[in-house]
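Okay, here's the structure, questions in a sec.
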């Protein structure tokens, strides 16, 4: 269970948000909403452990995520709004390295199989710089098919994706939630994902 | 009787406490400065080797002491700020840097003035002068790094790292520079050598050193107050202050 | 979800992954590597033009000139160690890896050294010949660079991590890092000078080695902390 209590974020002089409380259990989805600049990305970066809240606490199963240290990164997968795909590596190399960093080693065959599932058949050995934005996003999202973490934090995962890819992501997320995963995401598109419970968190 | 120290660790309480203390430190600094300069320039005897020119050491030596000491204090407070996330200590560290850099600069400048009659050159690559120059670079690095970062929290922490890395490196740098140039004057003031120095000379130097201390404390408190106002300008207690709108740096 | 094996990474395995990745990237961007090397060559070759071709002067200057040029070349290449990863978001993945961040950082430092330090070491004897250094001095020069350039990558990475994403980061990193490089310069160039003068250079090498060990212990950890501060 992930719990945030009284979270506050200050950027420069501005208080982006304060007094944010939520809790999310296995199988549940939380959508973070708000206009541009309301601190959605900042919140997600706090939840995955990249940034530290200016005040308040984030707890995983009642222990503060700061005290979990690197163990917390075995629990959470974060996909930022920068896709984290290297232009000078091929799709396969990108996927193998990002999953290796997350602690999952796969061989080339496995990697190309996953990329095909993401609809990148025939693009596996191309350098990422020749791929389109949407295709790069698919390479980044392929990580999710390999991830065995309990919590996914996704920042605008649907950006640049076409309808078929959005359907695919929806299916992946629903399957993951059905297996007891937790998802926190931001998105501008309306998307209807089936979950045990869907929380809406508004930042203004 | 127990004092609640934590009370003074809050920027607001510190602001008012520092405001009360600054005048005392400033007055003591001025008095000590005048006494020290009087002793240095009129009471202390003329040096039989170096003539009158040596009198610059009454400024040079305390400035050099202060420059090194302040770097340690700065690193200490920024380290405390990094470890315990206490904002006030990081602000104090930021406030120390310009004063430390100023003393380093004075030490270099007066060193050059002293060097001209002593060594016949404005600048010699003496181990101590060189180390002092490197210390100035370290201060400049700390200040430029903090100046380049907009987010105060990141600035505090990044500054702390570079200050601590500097502290670990200073002994290595100092040793390497010594190694590089073993030709240097022995320390002017040390317990074993003090008999060589006239009592009044030593007194003058120590009084000047205390003056530098008091001046530094007053300046650091003033600068810390300015930083507090700047960073807390959106809080209620700053808004309640009258007539401070123009005070921010 | 398809089943897959979850491998508990040994430290060495992870280190190899990150080094392989950075070397692969460097191979695909060879121009960047060559720029550093050519910078080194050009700076060293400029000095005789400024000072005059008098061989006796040049021989005295050689160790210092080559070492200062190596310092500058290494410093110029620091920008690449983290900034490209920072801009495309892969640095976030590195920070969120369940492996120790210090270890990954050590891997990045090592590949930075392989890509920028080792070419300088290999080029040094050729440049030493330009300055008419005797054979054993060339040998000591090369060896001193071999021992000293890893320190430049280790310490430099701290500066690179602290200045990540800042405006004017390139100039700023030089202000932070160059003063910290001074002991390397002194011991490294000193060793060559000692060997030219016919004195022992073992002491210099011991000190350089000690400094390398100290940096090896502290720099990855400090850089990891700096990255968390800069990205957080």
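The first chain written gets the first letter, and so on, giving A, B and C; residue counts start at 1 in each chain.
The definition used in the following text is that a contact is a pair of C-beta atoms (placed from the backbone, for glycine too) under 8 Å apart; a residue touches a chain by one contact, two chains touch by 3 or more.
It should be emphasised that the depicted structure is a prediction, and the values quoted were computed from it without experimental measurement.
Colleague: Could you find the two chains linked by the most C-beta contact pairs?
Modeller: Summing C-beta contacts for every pairing gives the maximum at A-C.
Colleague: So which chain is farthest from chain B, going by the mean of the CA atoms in each chain?
Modeller: Between chain B and the rest, the longest centre separation is with A.
Colleague: Quick one: most central chain, C-alpha centroids?
Modeller: Chain C is the most central one.
Colleague: Between chain A and chain C, what is the gap in Å from one C-alpha centre to the other?
Modeller: Here the centre of chain C sits 35 Å away from the centre of chain A.
Colleague: Measuring from the mean C-alpha position of chain B to the mean C-alpha position of chain C, what distance in angstrom results?
Modeller: 33
Colleague: Roughly how many whole angstrom separate the Cα centroids of chain A and chain B?
Modeller: Between these chains, centre-to-centre, one finds 48 Å.
Colleague: Can you pull out the residues of chain C that are in contact with at least two other chains?
Modeller: Where chain C meets two or more other chains at a single residue, that happens at 232.
Colleague: If you look only at chain B, which of its residues touch chain C in the complex?
Modeller: 134, 137-138, 140-141, 144-145, 148-149, 154, 157-158, 161-162, 165-166, 168-169, 172-173, 175-177, 179-180
Colleague: How about chain B: which of its residues touch chain A in the complex?
Modeller: 150-151, 153, 233-234
Colleague: Can you list the chain C residues touching chain A in their complex?
Modeller: 1-2, 4-9, 13-14, 17-18, 21, 24-25, 28-29, 87-90, 92-101, 104, 231-232
Colleague: Can you tell me which positions in chain A touch chain C when the two form their complex?
Modeller: 45, 48-52, 70-71, 73-74, 76, 78, 80-89, 93, 97-98, 100-106, 110, 127, 145-146, 148, 175-176, 179
Colleague: Taking the complex as given, what residues does chain A use to touch chain B?
Modeller: Interface residues on the chain A side: 11-13, 54.
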